[in-house]
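Order of writing sets the chain letters: A, B, C, D, E and F. Residues in each chain are counted from 1.
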Amino acid sequence: MSHAFDIDPTLRDLLMRVGTATLSSQLIKRGLRNTFIPRVTPVDSKHARMVGPAYTLSFIPSREDIAIAANMAKPTNPQRAAIEAVPPGHVLIMDARGDLGGGNLGDILIARLRYRGVAGVVTDGALRDAEELRNLGFPVFCRGFAAPPSYCRIMASDANRPIGCGGVAVFPGDIIAGDSDGVVVIPPHLAAEVARDAAEQERVDRFVRRRVDRGASTAGLYPPNEGNKAAYQRWVAAGEADSAL
Amino acid sequence: MSHAFDIDPTLRDLLMRVGTATLSSQLIKRGLRNTFIPRVTPVDSKHARMVGPAYTLSFIPSREDIAIAANMAKPTNPQRAAIEAVPPGHVLIMDARGDLGGGNLGDILIARLRYRGVAGVVTDGALRDAEELRNLGFPVFCRGFAAPPSYCRIMASDANRPIGCGGVAVFPGDIIAGDSDGVVVIPPHLAAEVARDAAEQERVDRFVRRRVDRGASTAGLYPPNEGNKAAYQRWVAAGEADSAL
Amino acid sequence: MSHAFDIDPTLRDLLMRVGTATLSSQLIKRGLRNTFIPRVTPVDSKHARMVGPAYTLSFIPSREDIAIAANMAKPTNPQRAAIEAVPPGHVLIMDARGDLGGGNLGDILIARLRYRGVAGVVTDGALRDAEELRNLGFPVFCRGFAAPPSYCRIMASDANRPIGCGGVAVFPGDIIAGDSDGVVVIPPHLAAEVARDAAEQERVDRFVRRRVDRGASTAGLYPPNEGNKAAYQRWVAAGEADSAL
Amino acid sequence: MSHAFDIDPTLRDLLMRVGTATLSSQLIKRGLRNTFIPRVTPVDSKHARMVGPAYTLSFIPSREDIAIAANMAKPTNPQRAAIEAVPPGHVLIMDARGDLGGGNLGDILIARLRYRGVAGVVTDGALRDAEELRNLGFPVFCRGFAAPPSYCRIMASDANRPIGCGGVAVFPGDIIAGDSDGVVVIPPHLAAEVARDAAEQERVDRFVRRRVDRGASTAGLYPPNEGNKAAYQRWVAAGEADSAL
Amino acid sequence: MSHAFDIDPTLRDLLMRVGTATLSSQLIKRGLRNTFIPRVTPVDSKHARMVGPAYTLSFIPSREDIAIAANMAKPTNPQRAAIEAVPPGHVLIMDARGDLGGGNLGDILIARLRYRGVAGVVTDGALRDAEELRNLGFPVFCRGFAAPPSYCRIMASDANRPIGCGGVAVFPGDIIAGDSDGVVVIPPHLAAEVARDAAEQERVDRFVRRRVDRGASTAGLYPPNEGNKAAYQRWVAAGEADSAL
Amino acid sequence: MSHAFDIDPTLRDLLMRVGTATLSSQLIKRGLRNTFIPRVTPVDSKHARMVGPAYTLSFIPSREDIAIAANMAKPTNPQRAAIEAVPPGHVLIMDARGDLGGGNLGDILIARLRYRGVAGVVTDGALRDAEELRNLGFPVFCRGFAAPPSYCRIMASDANRPIGCGGVAVFPGDIIAGDSDGVVVIPPHLAAEVARDAAEQERVDRFVRRRVDRGASTAGLYPPNEGNKAAYQRWVAAGEADSAL
């Protein structure tokens, strides 16, 4: 029932060290232009780095006779069931239809996810209990905060089916990565090469930024021409790339 | 696989004779305020009356490596499979995420649905082939027209799961009714009583409208007070209600 | 209680003969750039010409314990009261907050307004009973149609207070003019001069259009330079302006 | 003229200690699903707790000949009059039509409200003077900041009439409560029971959160089954609920 | 100054016989997913077929001291200059920033364009003089109608520079094709092959539709498998494809 | 090629000391109601003060065959060219069509602009590399953050042509001023008088705020009547205005 997806620990560690700006650039180079979830930001930008396979949850508009408190709290409710079913290391990612009128989750259920070892939480809707969430030290991403429980507007329907989150396709098992810029969705068959090339791109970017800060023009440097590629290789060989970390 | 839902032919006939304005009023009286799909209109207002159980289809945002013409035309594609799977007498209703950048269906697939005896088609997105659809003589409802196939924006994911269509919850088997005002979603357990009370309400409304056209004030008439209720009963007894049809 | 505003019959007749395109141009020349209500269109473009002083009605979001059918139908409900209070010759214009989820009025109440001699109806929301309204032969303007009564979303609050309709300020007694392009709001102290100058502008426009249809460039003609002004005066003097009507 | 509404000081104190998340949950249980104002956030989340009866102010779109600086600054202007008329302890809540093109109020007028003992300020539009407002130590809620005075877009029309704020009905005298999640509107006849039940709900929530942080599953705990209810009662009896405050 | 782009008359004729639904499908197959302008519809669906190279015009928001009637009517105003500069056979296509508060053009200037032999007009904003435009018998596409001249909201800036129209890139000289579904933008280097393949696709579609209307399933037919391809070839060879035109 | 516009250093210094709230008020008094860019906020409100002539850059929607990484990085790409062409002391202001799906610029290119002595950066779209931008100590304004490069959605088209930024007209050389409230656009021929009157208005505002904080009513004070004008003059004469700075 728990549909756990594996992610190689080395891959996970590599992805934790590269940013979503670089990851989405690498995906665009491979023809995937729509992998970043717009307007979803971290609750706490100091605890925004997050990587894990997607565990998805979809919502539909509420109907008043179904979406009542008694039903919503039943363990069989798809949302409640998901809280206990997301495998450790996975990211719970929700298709809340962009609704900002209610909060999909509050501090109690998110504290439970944190305790269970879940890697993070993403919604294209809102969350509740803003202050408490800011103090959890846990990667949580949303489009805003709303005090009411979201069942006044939407109710969970299916778990671990393909969803759209903020206009981006998410399949169960897709690799979800988050940082202070937001959240990107990586098809698992591309994750290893994207991670590898992103790490190299970030090393080049650090070299470029250092040159720029010292007055170099971006022409011929960003991206580097042959001369600057050679300079970059010398910089890497001299161990400066690592000391710049 | 085809998940056919029964609808009593007498109930169906009764629902075909009442409008969505009356049906949604009856649902509001029962606490269901969100059953009408806003901004979805009939392609041909002369062929808009439609009643049938819902066969649902959901969509997610497209990913460029999956949503290609070759994949979209496979019989196993959820959209293509749905065209052949909707049971006769049912309404195909789609959660197109409100996207107007592409057409969910065009004249060929809708002609096939018509041939198969499907009761009608509803999307909260767009359709293709506007001119041909206007000439089909078949109940089709959408938010607009767009020339490209919708897979450039969204792709079908699941059939016969709960969906949201234009912000309204739709469960497979819900009774979908359409007319020139638009489309309303009726939970099946309420359909019989809603149909009965709607038919009576429309009879009263015809009585009221007749009085209004002759100069009566709406106070005490709409809804009728005791005196006007008695006048209505005499009007019904005299057989005028039926001749007004 | 009925707050009737006078409009000079000659002024009214003059305004009935000029279009909203010309009227809004004249208002812009006087510094009023925001007098046309965008995206509000006539239900029946053959019965769209309408002129009369504004009788306003505002709405607020519904609260579930107040906005119930029993309360909405009371003669003291502000909407119901307005139906009987709009003075003949006036236009009922509603600030429906742009909500398209329900219909502010249906055929019965609008038939009553027509019977009472009201000049027309405008809402920046939706109306119910599309087919019946199209057959009333009465000037009615809206942003769309919706089957449910609007009290599932909004409820009337105040009559004859300043409102905003589709982003335009409307004061009780403002002159409301409608045609196939839509609805324009004219401050009463400007109505006479705007009507006079609009009538003259339309006469010039007919002259210009005639020349354009015969191949004239718009440079020097639209607006006319001295030579074309003289040609226009000869055209008027020859009585051709009237025969072009 | 000042329309002061009483609020029992004990009730006010109780409401100051419960959050809007809990208050809106209690209102939903009573059938009121639309009492939270979405996307309105506190200017200073450390000074967001606020409770008081509503003093309302509505706006309409500006007309260029009326909305000029000289008129806007007159003491008879509805906005200026409201600044001096809001009774101490009340919340000034504005229906700014969601407009973000101008600021409804700036630091001088809000400093005046603070001096006068007003409980707080809410708008569904924008405010001016962001930096100064963040330093006032006063509960102020808005949807954003804009430098121009709002009269370039909207102008105040009526005070203390029913309004909609961010899609929520607000009647003068409704109890407005704010915290870091946002603002909720409580009908006064429900305020006492909602406050009482919310306080109890928050005590239960603290118990639940504590158990969750120590590893308990949410099934059977949130909401508590019989066993956990008994544990909760023992926890309360042992005085731990208060020490957890 | 007139920047005329050639289009081969044979290509133009071929494009006039295929629809935008087919053209956009062919473009998607070539990796161009965003060539159809959403929500732009023909004023008169009976005069919607249109093909010609793009002559572009861009707009910026108005500034009150510049966008006055006297300036707007000068022959040097970019919009007025464009009316006389669009080469015959070209399509005037405007980036009106999606603004629906004013009409970019009215009947006089569009009558002038028609007289000059321009192929059609497209805007992602609104137009004025709805009734007159419906009677011109000329291909005109817009998102709605508005009575005021658009200079109350936006003013023309540059002609024949790259623009976005309704979210689609348009370069001067791109081939613009319109029909009852809307408007599609074709890069000129692809126009010949897209036209040829679209014509063939439409012939196949007519074959498919005919089979569907007689009861064939879409599986194996749409698109055709080997057996149906052979049947199609026999149908073409028998001359039925042409008689179906 | 670099189109540098002069700004008098004294004027620049004066504008750096007044806020956008005051500047936009002064522009409204001169009939310019639409000079503030809504919903654009500083990345770092402590480094938001910025004044300089506008260097503009426009964008159009991307086409997949043009907007590829190789093309975007060419020195001839209009965006890349702009980075090196913005004259020192100028503000780079971009018409990103309000798109939030990608970041117009990231930390490397903005670091280059900072090094080159550019006064600041404004976009009505998003930027990349949120954390790095917050640490630059450089005035940067946007509507949000997005990880992907913006060429997946839009591509730069023209530099130093009139643009619209967030619905406001911007001509090359217009004076752009920013602070914690946002960004205002000042026509250069008005800049000197607007700056002078804004400085005086802010001095009056400080006087008013001081009186308000000590309990004065705003009536007769804001704006000051004759008595308060005299008191203000005494306050200025006593040197308190400067000590209040």
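Quick note on the criterion: a residue touches a chain if its C-beta (ideal position, glycine included) is under 8 Å from a C-beta of that chain, and two chains touch if they have at least 3 such contacts.
Remember, predicted model here, so these are calculated numbers, not experimental data.
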Chain-contact steps, minimal, separating chain F from chain B: 2
Homomeric contact chain C-chain E: same or different residue positions, threshold half: different
Chain centre separation (chain A, chain E; CA means) in Å: 40
Euclidean distance of C-alpha centroids - chain A vs chain C, Å: 50
Chain centre separation in whole Å, for chain D relative to chain A (CA means): 32
Junction residues of chain B, two or more chains touched: 33-34, 64
Pairs of chains satisfying the touch condition: A-B, A-D, A-F, B-C, B-E, C-D, C-E, D-F, E-F
Complex contacts: residues of chain C adjacent to chain B: 64, 69, 73, 75, 80, 83-84, 100-103, 106-109, 111-112, 115, 126, 128-131, 144-149, 151-153
Touching residues (chain side chain F, partner chain E) in the complex: 31-34, 59-66, 97, 154-155, 157-158, 161-164, 167-170, 187
Touching residues on chain F, where the partner in the complex is chain D: 19-21, 23-25, 28-29, 33-36, 38-39, 41, 45, 179-182, 184, 205, 208-209, 212-213, 215, 217-220, 222-223
